[in-house]
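Next, two complexes with chain A in common: one pairs it with chain B, the other with chain C.
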Partner chain A sequence: MVVSRKLLFLLGPVAGIVMFIAVVWMATVFVGRNEYKDPYRAPAATADSTPRAEGVAAEKDEAEKKAQEKPYAEAEYRRFPVVGSRVAIWAVAQLHLLFAAFVLAVPIFAFIIEAIGYKTGDPRYDRLAHEFSRLLSVSFSLTATFGAFLTFMLIILYPKFTNYLMSVFSPTFLPYVLLFFAEAFFLYTYYYGWGKFHPLVHLGLGLGLNVVGTGIMMIANSWLTFMMSPSGVSSKGALISLTDAIYNYTWMPINVHRFIANIAFGGSIAAAYAAVKFLQAETDEERAHYDWMGYIGNFVAISAFLPLPFAGYWLAKEIYAYSQTLGLTMMGGAFSWLFIIQAVLIGNLFLAANYYLWLGMGRVEGAQPFQRFVKYLLAAIVLCFMIWATPRSIIATVSEVRAMGGSAHPVLGFLGVMSAKNTAVNILILTTFMSFLLYRRTGKVASVTWAKTGHALQLSIFAAAAFVVIFLGVYGYFVEASVRIGLSVPQVGAVLLAMVSITAIDIFLFRKPRNTGAVRWGRIPAISQYVLIFIAVTFTWLMGLMGYVRSGLRQHWHVYGIIRDNSPDAFTPTLGFATEVVSVTVLAFFLLIGFVFWIASLHDRPDFERGQSL
Partner chain B sequence: MNILVVLAVVAAFGLLRFGRVSLLVWAGAWWVGIYVLLRFGFTAPIPASVVSLYMGIVSIAILAYVSSSQERRDEISRPLVRFMTDKRYTAFLAATVVAIPALAAANVYVQMNVPLQPPLFSRTVHPASPSEITVHDKKIDLDAGENPFRHLEASSPTEFRTHVENGRKVYYRNCVFCHGDNLAGNGMFVHGLDPIPTNFTDKGTLPMLRETFLFWRIAKGGPGLPEEGGPWDTAMPAWEKFLKEEEMWEAILFLYDSTGQRPRAKEEAAK
Partner chain C sequence: MTVPHSVRIGALVLATTAFYGYVGQLVPQKEVQPPPEVAIRSDLTTADMVPVGREIMAGKGLCFTCHTIGKTGALRFPDLEGVDVRAKSRIPGLSDVEYLAQSMYEPDAYIVQGFNPGMPHINQPPISLTDQEILCVIAYLQTLGGTPTVTLRTTHRYNGGTAAPAPGAAPGGGAR
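Entry: the complex of A and B
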């Protein structure tokens, strides 16, 4: 029974692949039918020599001679069959990036969890961290494989441009390779050395792994950010200063944005893995374990997710500072619709994160009193979500535009701009944080003497932060754009300050809590697990989408404003097409990651014995 | 806001509150209430595309709410289960089964039965400008450039006023037919135009744009728009063919002056 279920599980992807191959084969056959085929002729050698045969032979000689005399010319572009070079390089780069993000994310995740385990002395954390680092070696080699694939594809399809990038960045390649060796060293000692060293030494190895990994990412980021916001080169592209080329406008913001996003990504994949295991689990014990694991993964993911918008706005600001045109293309022009999709995705992520916490309250006995806050939290989320997803350029029919009295709606026009959106995101973050705090309070009561004052203090900090955010948001309408952009800094500051101070109070408040209800891990409805999977898939999709935005923004440039893209693919594809490519790569990623998980699970499998059935 | 609609919705919610209805009714009421507010509650109606975006969010949120705890899941499913299993409701159930496809059909009928309209078009109202344009054989840098008369505002106010006055003349000789007497985008040609001319009194338009952006739009007009801005759809003429460069800059001064707005300042470089 058990075996056949697992077999069924395997059969799914296999059937999928078979069907895919069948479809491709069928398509080839059908297309082939309509193709022109040469009619059958007797082979030339058996036929008598005719004037035509002589002519053909002469033509062949001529062609051969020409071929011999042909000078060597460097190719500027080569074409990838069927889908074209752009889509080919896009998919490979995206897969490489997703795996790279995963390989960077797992050690960060493992390190954090291991450190928590060391601090609390709870062996469950250590086991969880170990279980995850098992994924490292396979995904490390897959990342490297895709990296090599990407490099070859670049050299084959875009030889001239690749050569240019190499010439600008040549001094960075050696350090890159050396860091790669260091990465391999730390990675394998970290994994195989689990439990073999003093915990602090082992944590040190984990730290080394993370530092080296971040270094690798930063070097690679310098290449791709240079393409978007080049500096340190002349207007014709000659290198003037390598430091400037590396430290270009968007390098640091992308480093930070990616670093944080990777943590969230790793956490969400970990949670999705736990969710799948939970759904397959057959005993309560397993369910309890995987429920807990999903919770921890999600906790890490959401904690990293909360500061992401700030990093995103910083990145956007640097893009504006680099070039107003680039910034406008991104936020107001051809790409602005992608940001509506982004807003919908991120809004859904926020909603899902909160929903998971609310569902999680069901694990704890006596959590009902907290349930009544859910509607207010939900109302805040819905309102902010709606504001955030309000498009700046609205799609409307002529009669609708007439009725509105202009292409900008008198009310929606106010919501579509930065002031409103910044405010909405900040409130979303505060609300999610509030859900966390409520979840933390389920099943326990603060027993310190100053509990009442503490709660009141927390509430007033919270209210103050919300007030500051909303006040500045409204104030933003009354000042100039350059001042308005500056307002987002105190907004963010208020939110961060509130989160840090409330957490600090919370830790002291719940030093020795009185427990009123036990946490029953595993007692959570199955929907919650689908929510975890949804979060992971949405997150991955978001990464793909934003990667496309970053790369597509340059439009018909390889290096923005300096090296033109003269290839036939140098156009901006439609939104629908872009999202399709992103979806296909995300699907491919999940198939591959499923494979990685499967390989890692072989470890726990009993050895095969003769006579055993399949 | 349409006060009557808002009041009606609030009153309906008040009634439900006193009626102590079940969660299922509440969920339905919220959905309908918000829909009615969005659809009919605003004096300037919200376009259907945005209403459906909002209602999508509301639907997900309501689903999340009713399933967020054991009690709520029970409360919401109890009447549904009763409805489907209780003998008393068999007739209703049958009616519902018939009603669902019938409603879908009715919806199709209603959707098809509207007067013909040109298709929805996702025109980007403010596409990115090029970084440089050529007007009357002169290159104008749109990223770093400035309105050549703007600095006079501080240094020589009287001279500045004469330029604003020139701008006023340019406007009332050329632009008024479309953009209107009071700059509200309601000139006498408006009824024939799609997209309709920009309403300059809108707080979300002029202050969001830089003067060089406006210069580009005025000089190059509709034909100069990039793909996503829907070139050739708009009637905005390319004024470089009729006006001198100074006249266009002066018209811009007038637009801001007359509406009491300030142009968007240049973002300063971070490094």
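Entry: the complex of A and C
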């Protein structure tokens, strides 16, 4: 029906115009009919004013005068509808921080990978780094958007307190903005300049990007650590020394803890990205590439993850050094159960990371002899995990404490004390490290002449470290508290020393290995890819939870011990509520990250052609 | 029919976050309110002050985050059982009231042997007990191994009083 189609084309606009005219006409008619008309009154000058009219006029004058005289009152707080100000700020800050961590993490990861590629001359690394940095520009804008959102929310909801923070930290804002410009410069030249410069120049841009990004993070960290452990101000809050306010007790530990955590976060998100691509891959070649990318991402994540507990304990130590009360609120008081949840998460991370490594052994021919070990490693991990998650001195109510005869549970308290926990964490780390070593050995045999001695040496170092850790852990039960606290240092020292020396030996041991089986990238069960995604989600959730403890720890203070929180949200919510908020924000984050992944994938899409179906 | 990967991935993300949210429900649920400002009535007798002091120690004073009463073993903080007996003889020349006040106003002036410094200044933020509240706490501490003697009018070095200045202490005291 070709004719009627043409007719329709003609009729459409005509019908539209007719309808438009009809509507205008109808509207005029109705408005005209119901229009308000002033009743007739005698001209104002001639009419006597009635008492009512006088009253109304007087009232109006008075209201106006009152409005003029009303003093300007500064609002201390404003309320956010429905969820309240605290939750609103919390969610926005959390999303901002997650994206910020991501934007800092991707360049660190890309830089490391690119440097490896430059060093080894293997172009795969360069391609991997380039592919991953494609996620940067969208997430950079999202970070900035959430940052602006957060700033507005702070000014709107907590005007007085925000003003205070600004009065202390105003000299840091301009450098912050300048660094932000530098960040944008490096970020875009790094990404768009890929392959356009000499590799070293390009690496230099990557380095600049990372240095500037870390600088930004450190400035922002000074604000939030000041709130937790203020220094450099008088007890009333007046600024005495900006340097001290910036360089407060927890600033450096948080800088370090976050920097390392960001590397791990970047690796885990890279691995999750690879996992998504692996699952969607259609060719073996793609699968091989993304399996390898996932492996590298996870490798970086776990390498950064291993030293993280040490940084965490340093942070905890500084919190105690700043204020025992704060430390005890954290580990023994209202927040102690939060650390049980943290233990569940970290245990899951260790377990999942090891599981992934074990699954990966299937990629290599001749890995069977190593897979035998796996069950022992698994047993060690589960045991350590249980010890670590054992609660100590959980103060629920005072009567409960009395019933327990003090602040430690009679049975659990024994396993839950610091020495047992430190021991468990250190063994967990050693075990995961062992998994790594086993993985490295699959499909290779050391061919150096001193191979036997080397292996024996490695094994004895490992055993010695485990012995030192366990011995000090047990010894801790028999000494005074002041001595016991110091014991964690040699424990950590032993583990670090063992990891460094064993790795060093390993490098020489496998200088020119004899290959007994090829690595068949892509030959890994699909479940391993879900494990990678699980690790990324768990990691993100952990960041959310720890962000909460960092800021919740202050309880009813904006700045601990100095500026009190007088808002209706000054109370500390239940952990159940806190974890719900964390869960919701993490979900929102992954929705947005899904969007970022999708935008990045548009790059690979064939261009749209006219005539193609939609 | 196979489920598309994107759906499975979404389900995994949802399940993981839901799981951790659920773990959060398993632990004890307690909402902590900021300490209320309670005015201490000025007509409390010594006997009235004891339970008030006990309550302050458990709540606003945060004492029991660190201290125990009647516990032995390798402790991190001194146990307070029988503290009044020790308080009388800790520092020659200081009465138990003076010593207990000192341990709260100026905790680092004397460190109990075997322990590290680390007790917060109780009259300063974040704990900020008032002079009145501290007197109540002293009343309770005196019951641990002794009989309470303080009243709300008792003075010591830290609340403007000069009662029994310690030898060598700043004359006329008054750290505040």
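As a working rule, the second predicted complex is superposed on the first by the 526 of 614 C-alpha atoms of A that agree within 3 Å, B and C clash if a C-alpha of one lies under 4 Å from a C-alpha of the other, contacts with A are read in each partner's own complex, and residues count from 1 in each chain.
By definition in this document, contacts are C-beta pairs under 8 Å (C-beta built on N, C-alpha and C of every residue); 3 or more make two chains touch, one makes a residue touch a chain.
This one's a predicted model, so the numbers in the text were calculated from it and none came from an experiment.
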First (chain B), second (chain C), both or neither touched by A:Y477: both
Chain B versus chain C as contact partner of A:Y249, first or second or both or neither: first
Contacts of A:T325 with chain B and chain C, given as first, second, both or neither: both
Touched partner set for A:W557, first chain B, second chain C, both or neither: second
Partner chain in contact with A:F590 - chain B first, chain C second, else both or neither: second
Which superposed partner A:Q280 touches (first chain B, second chain C, both, neither): second
Contacts of A:L378 with chain B and chain C, given as first, second, both or neither: first
Touching partner for A:I269 - first (chain B), second (chain C), both, neither: neither
Chain B versus chain C as contact partner of A:L359, first or second or both or neither: first
Shared chain A contacts, counted only where both chain B and chain C touch the same residue: 320, 323-326, 328-329, 332-334, 337, 344, 394-396, 398, 401, 405-407, 477, 480-482, 561
Contact footprint of chain A on chain C as seen in their complex: 5-6, 8-9, 12-14, 16-18, 20-21, 23-25, 27-35, 58-59, 62, 64-66, 68, 70-71, 74-76, 114-116, 118-120, 124-127
Residues of chain A touching chain C in the complex: 235, 276, 279-280, 320, 323-326, 328-329, 332-334, 337-338, 340-341, 344-345, 394-396, 398, 401, 405-407, 477-482, 484, 530, 533-534, 537-538, 541, 545, 555-557, 560-562, 565, 570-576, 578-580, 582-583, 586-587, 590
Complex contacts: residues of chain B adjacent to chain A: 42, 44-50, 53-54, 57-58, 60-61, 64-65, 67-71, 73, 117-118, 120-131, 142-143, 185, 194-196, 198-199, 202-205, 207-208, 210, 226-228, 262, 264-271
Chain B partner contacts - residues on chain A that touch it in the complex: 249, 317-318, 320-329, 332-334, 336-337, 344, 347-348, 351, 355, 358-359, 361-362, 368, 371, 374-375, 378, 381-382, 385-386, 389-414, 416-417, 477, 480-482, 485, 525, 527, 561
